[in-house]
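Two complexes, one shared chain (subunit A), two partners (subunit B, subunit C).
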Partner chain A sequence: MDRHASAPDDVTPILEVEDLTVRYAPKLHPALDAVDHVSFSIRPGEFVGLIGESGSGKSTLGTAVLRLTERPGSITGGTIRFDGMDITSMSQEELRPYRWRDFSTVFQSSMNALNPVVRVEDQFRDAIELHSSRRGGEVVERIKELFDLVLIDHRFIRAYPHELSGGMKQRVNLALALANDPKFVLLDEPTTGLDVVVQRSILEGVRRLQAEQGFAVLFISHDIGTVMDLSDRILVMYAGRIVEEHDTDDLLREPLHPYTKGLLGSYGDPRQETVRITYVPGRPPDLSQPLQGCPFAPRCPERIDRCLTDAPPLVEMPTTRTEGAVTALRLDAAGTWRPPRAACHVALLQRTEPGTPGLPERTVRFAGPAFEKSVGETTEALRGEVLLDVADVTKVFSSRQGLRRRETLAVDGVSFQLRRGMVTALVGQSGSGKSTLARMITGVDRPTSGSITFHGRQGPVDVGTLGGSGLRGYRSLVQMVFQDPYSSLNPNKTLEYILSRPLRNHRQMGRAELGAAIDELLERVALTPARRYRSRHAFELSGGQRQRVVIARALAAEPELIIADEPISSLDVSIRAEVLDLLQRLVADSDVGILYITHDLLSARMLADDVVVLNQGRVAEHGIAIDVIRDPQDEYTRRLLDAIPNPFADIYKP
Partner chain B sequence: MSENPSNPTPAPDVADLALAEAEQTDRIDHGPGWFRILWSSRKARAGIVLLGLYVLLAILAPVIAPYRGDDTSFAPVLLPGGEHLMGTTTQGADIFSQLIWGTRVSLVVGLFGGLFATAVGLVIGLTSGYFEGTWIDDVLSLLTNVALVVPTLPLIITLMAYSEVRSIWFTILIIGIISWAGAARSKRALMITLRHRDFVTAAKFAGDRTPTIIAREILPQMTSLVAAGFFGAATGAIGAEAGLSFLGLGNTESVSWGTMLYQAQLQGALAQGLWVWLLVPGLALSGLIMALTLINFGIDLISNPHLREDG
Partner chain C sequence: MKYFLRRIGYFLLTLWAAITLNFLIPRLQPGDPAELMIRQISGRDTEIDPARIEAMRVMLGQPDGNLFEQYLAYLGQLARGDFGYSYTYFPATVTDVIGRALLWTLVLVGVTLVLSFVLGTVLGAFAAWWRNSPFDSIVTLGSTFVGTLQSFWVALLLLFVFGYVLGWFPTAGGYEASMPGLNLEFLLDAVKHSVLPAAVLMLLGPVGWVLGMRNTMILNLGEDYIRLARAKGVPDKQIALRYAARNALLPSVTGLAMALGGILGGQILIETTFDYPGLGRLMQQAASGKDYPLLQALLLFTIVGTLVANLVADMLYGVLDPRARKAA
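After this line comes the complex of A and B, so read on.
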């Protein structure tokens, strides 16, 4: 412990990263620095969040810190010190004794991280016996302890991984990561892909354990709300650099970097009078190209001239909290508080030279585009003619297991109506039957009993009895916006081809009309100027751009009903509002009806007029959106509302 | 700050941002084309060059070969040297000329046998995959499985032995018939995974009919697998032709490496000191098969980007 002697006023950080650069040098692509001169440190017992859009380098940084970087990536500069020990160039064999004992991890794809042919107990046994002197009964005792920590019944100790549910597997992984009382745990999107309610319970468990056991955590997630809820301190990453480092509470009060403001702007409390969510238009820079100036400048609403020419360094920033009280805080700074850092010319000038000409006003909100909805704009009553009538629909799936038949009731007596020019949200967690319902409405599946009637302009259609050509005709009236724009667009087709198919098939357009119609569709979904996008391939587009193409394709058929199945859940939070805004404008501009399927009540509040809450195949609650959200009658609806991350909850009380 | 009226860089409005986004999209790296990927692999490069040499030999056979392959008017059993680079056979044919002309047969068999087997495998695999779970799939899968387990060599020998014609096309037909099954299996499996992708469902919503969906959405995703299957099948076909000819079951009309081996073995080439006669067709055959296999290593890189970073 002598090494502490030189700095008695500070604790040795458990993890200290200095000037770290991780370079990807694939053979056939230009090289890029996915992590670019990054420095930060984590003190023992600290819970640090790392946020940023996908592609910002978060996971690359996480894997590099654990020395798990794989070809074509490599650490090309800087140092990583773990508990004072330089591990930057240690060999994998030298690292082995420390792994899982001193630092461990729960990966993004942890659902597959357990060996499917080995019992859970044996996987724990391996990890524990390798790093400790525990043997036999002691190991079992330890496993029981760990299972208690993550709230899983002891009978699952002897189970095989496939016998556990997704949420349980993830908790087992967490328990496994904690098996040897590590000093540091990296959580890389540990709950992405899990159900919201389950996600909530796991993360609350992590925080409780962390408080009890005192390990340090680096928590990586694109789900900024959750990170904010849990972390003591936040690192914001953009284009491979850290652009802001700030204590969570202070960050929420006074975010420094415009990008941080943009990320925070994507959250709101659905219960408030007026909900305003912002989005960051555009996409992150291509790191394989030389960058000039601040990497965020092209998307930044606050930029000044200097931003386009000089890259801002990451420097300590005086904030409202420090201004005037700097000395006091400095004296107090025995490792508990450190001044925030940010890489932004504007934020720095605003605080140091407020008179600089051309400097924008100081703001805590993102000054970019926003999507706003107040109670006044929200529907108070349902009007318009009924477009879709779902009456007492039930769906039973039966599967055969040997001689026995097993029946699963996926949808149970659901009835609701959807009106022209209105948005009905179908809300529920996974397994609530909302996707099954969507499949029946689109004619992919047939209801076991009950009826679905579509009242189109060409007369009523009984969807359940459609087949063959009837279904094809029906699909020109009902279109779909899929959840994942990465899988719903064929990556090798041009936008021109993708959009021409529905135009040709459903609207019988000839070659001559196609060009103009395609341009119009692209303009409508804000892919402008259209001519620059026509010959692009889907793989060249960002997630948000892709989803806009998916919406354009759905619009091409001029449908009367659009079914949007979680259209924003696979997008970065920073661009979600943009897609919502687009859908909202569609409803306003035409009399299309939208069935909006989601697990997220905030987006339902923003978009829907009418909400149907589904729980285990039944309608738990049904009513005007604003009533359901502000005054939920059902316990389940309340649970869904509580699961919405709301980092501002403690800061801005309504 | 507000007292200063001149704002040198106004905050970007939505149109500006859209333009910036379009510009960024313009700069996206398209990634290397398929040929660059293939060429980047040392193995595939060697394979392509080697195959190119064979193709050149076959095309230029009339120029390179000093005599016709079936010309038996020379003195028999001449040792290499002089007029005859590799000597002559016991029947008095020029070995070097036979070798060059034989290239044509092997390449033709490889090309058409490979194409035929690939086409049959593709059609059957795609159909049964698309109709997975229906009786069509049941019938086609049964057929595929039977074709997989039938012992091929005895089958070919029987078919060839009882056939009236012995042309090269008949050989190709027989080889195609026995070698499509493995390819059909893998195409079926891929079809099943691709069929449930969202973009296929999306194409249905866009009003496309099944044949269009298969041809425009699904098939292009399989290109590298189909190409790999073709090179595999071509390699098999070349080997099979040589094998059949060596057993005396090949076509009798033209000279191939297989018939050269057959004759050399039959006439006791080694005993007569004509080891070249036995050696060169074998070497040529191995060289061609190696070239095709090497190319397939490169094709693997196209379908699996992770492999590109290795050695």
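After this line comes the complex of A and C, so read on.
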């Protein structure tokens, strides 16, 4: 059948979700609807992306669609139809024959999705024999075909899961999902935690296979760039509801919901002279409390009075495209085009009653706070005095195996300088030696050869030779900001307590001075008014706010150098700019230097003046951030750059 | 293969160290053990005839020569299974005494251990599968409660109720007939004598296995591969058995192998309470009777048992869990 010729009504959606509600009713906490009256459908062969911040209900929705919701969650309303068949209230027994034959999945953190004590072959055999008539040699043949699809050598068929690398496990999971030629595959954050370059290759594989085999995909991810790159159509979820449904290209041209704009705003083109990225302040609502009005209203820069009182329904929106005559010309994969939907009073009024008083100006950009970085600032920063001088540093780890000694060269002849009031980024994949370098700079490890000199206010210090009290003194001058603000702050302590520790330990402050110092710190990281934050507990804060506290804690010791190890990679994209902005203001306002360690060239460009690209312990490329990104000299840098998803590539040409 | 060879290597090394320590420690003690023993037998201040000391030396089999020659002789004795004479059961050799007690303990403790393991693991697995159900609550709370009871207290209680008050079972010993023989009458008698000690062991034994199995299996049930198995449409029974229970069993199997090694130490408290003629009672007697050769042999026995059990556990783990083979 020629799908492109069929009219929209002829196509039975492969997945049709109507008014679905999933409720969590834990014993000790109030019940909440993690998925709240959600409706959408996916047609055969369609690639649909589902995005939203963590906690927006994406995974709950995905799990519910597969009928895998576990207690204390349950589907309390609505229907799920799969290929026209209502599966909402089927028993697990009735559902079993369809599982993995018609719909399968690659789970979030599917690193552990393979049974560790069973050979890969047997795990495929399970899935294949349960749902097909293939047996014995035929099964092995099928596994070989599947391994070919995901480009893995056949010898790994007999391997145990722990013998595979992370990227390979992920590809094996993908192959497993395709074992019985399913009609629908749910991908729930399939590449989270993998290296950018590996992630890129896996997702390209997914898209290629999807095009070849024609299965439909619901792709859940918080990595908006990747979703945009791959999907035909996007669902945006916020507080358990779908707030926008839109074809990808159109969405990029004309996002409707302010929240979508906020998510998109977190991407910028690193090649621009001035890069601007926005962030969405605040945090998602507590769903166990009754909501009035639009759930996004408290964080929304475009809100009008009505948003605070009436919840906007998800309705079809007239857009520039539907207003024009081009409407029916472009067809999506299933041969039809459907009008976008959004749940926003402002977007609707702007398009239907533009004269309404108090209505904000129509915009495609997020009207909230933004973070900007321009090339001019860098030129300024390069005049600062040298703070840290890393000269020809090498680190060799030796490990003993039996009688043999194995030497690993973790860092190989690295040199760079970090100036006061400047940010230097160390960029590289995992295993590139960037963390080892950071450990040597903080004095945890000693370099095997070469020297690290810290030019502090009290004169130069050779870090490699420090010990005992010297090291302790040095460490109060060098502070760390870690990757995960959720695990680096004790959630049960108040901010006052958290910040008082370094003030007492490093600056020997008494009770009298503490109060004022804590307020000053909170204000420096823009947690204002300080009075209100002082007595709050860490668990009450959003990820971005927590990371601010971590930074405030680092500042408490009055350091001259801050080492920020992936400070934004565990945060939602919508709030990353918030933290970048803070770090940027720190360097601008004082003379600290920041060493920014990351795998992400875009954020390096946003924050850093100077970029050192590390590959296998060696400096692959070193230069002014903008130069490195615009005109990368090294093959490896180019690969890292290519791995950055750039959904806007076709929309805004530089 | 390398994994197994390495394990065996470690085993031999530890065994050698244990044997050597067992040899050295008594010899490093100050004073002459023979003289010490005579003194203990005949009282602190009495005059001691040097001939008695010499006789004691001979009896203990204390060889002459330097430490190294003694060491070699000791190893030779061990190889022949010669541990000298027991003081308490003189003129019986230590080997004979242990040999007589061994079977009693092996049967009583071994059988109850294996049964406890099976019962406990099965209960624990079901409790985990139906977690938060009434069944789970009863099993978990029950185990925790029983686990707090002291074995000798339970033993005394049973002894009092079923032995003295009701008179259903004999109150002491392992058998009634003066000389055990292999006939039905004797076997029935022996079984009758072991009912009460076995009951105590069966009541307290499963507790650890129940809780261990339940907790590991609940952890396992939360793993992604269980979710994936559900998504694959694997029937519940298969998920419970082949995925969750099989993986949760790994630590328990190691535990069982180790516990089997511990059998050789006997059940001191229980055996003493019921005056059961096993290794545990023997150990207690040897300790209170200062029967050094017997005590030393029993300790060596326990150590070797534990080491062998450890080796078996390691080997089993290597077979059951492919990850262990690589990590080692």
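The working rule: the second predicted complex is superposed on the first by the 629 of 654 C-alpha atoms of A that agree within 3 Å, B and C clash if a C-alpha of one lies under 4 Å from a C-alpha of the other, contacts with A are read in each partner's own complex, and residues count from 1 in each chain.
The criterion applied here is as follows: a contact is a pair of C-beta atoms (placed from the backbone, for glycine too) under 8 Å apart; a residue touches a chain by one contact, two chains touch by 3 or more.
All figures in this text were calculated on a predicted structure; none of them were measured in a lab.
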item: Partner chain in contact with A:A512 - subunit B first, subunit C second, else both or neither; value: neither
item: Which superposed partner A:S487 touches (first subunit B, second subunit C, both, neither); value: first
item: Subunit B versus subunit C as contact partner of A:L66, first or second or both or neither; value: second
item: Contacts of A:P30 with subunit B and subunit C, given as first, second, both or neither; value: first
item: Comparison of subunit B and subunit C by subunit A residues contacted; value: B
item: Subunit B versus subunit C as contact partner of A:A588, first or second or both or neither; value: neither
item: First (subunit B), second (subunit C), both or neither touched by A:P116; value: second
item: Subunit B versus subunit C as contact partner of A:P502, first or second or both or neither; value: first
item: Intersection of the subunit A residues that touch subunit B with those that touch subunit C; value: none
item: Subunit A-facing residues of subunit B, complex; value: 1-2, 4, 6-9, 11-12, 14-15, 17-22, 24-32, 36-37, 40, 197-199, 201-208, 216-217, 220-221, 308-309
item: Subunit A-touching residues of subunit C, taken from the complex the two chains share; value: 223-225, 227-236, 243, 246-247, 250, 320-323, 326
item: Complex interface listing, subunit A residues touching subunit C; value: 66, 68, 92, 95-101, 104-105, 107, 109-117, 126-127, 130-131, 160, 162-163
item: Touch list for subunit A against partner subunit B, complex; value: 26-30, 71-72, 281-283, 285-286, 288-289, 298-305, 307-308, 354-361, 367-369, 442, 444, 472, 475-476, 479-480, 482-484, 487-490, 492-493, 498, 501-502, 504-506, 526-529, 532-533, 536, 540-541, 545, 550, 553-554, 556-557
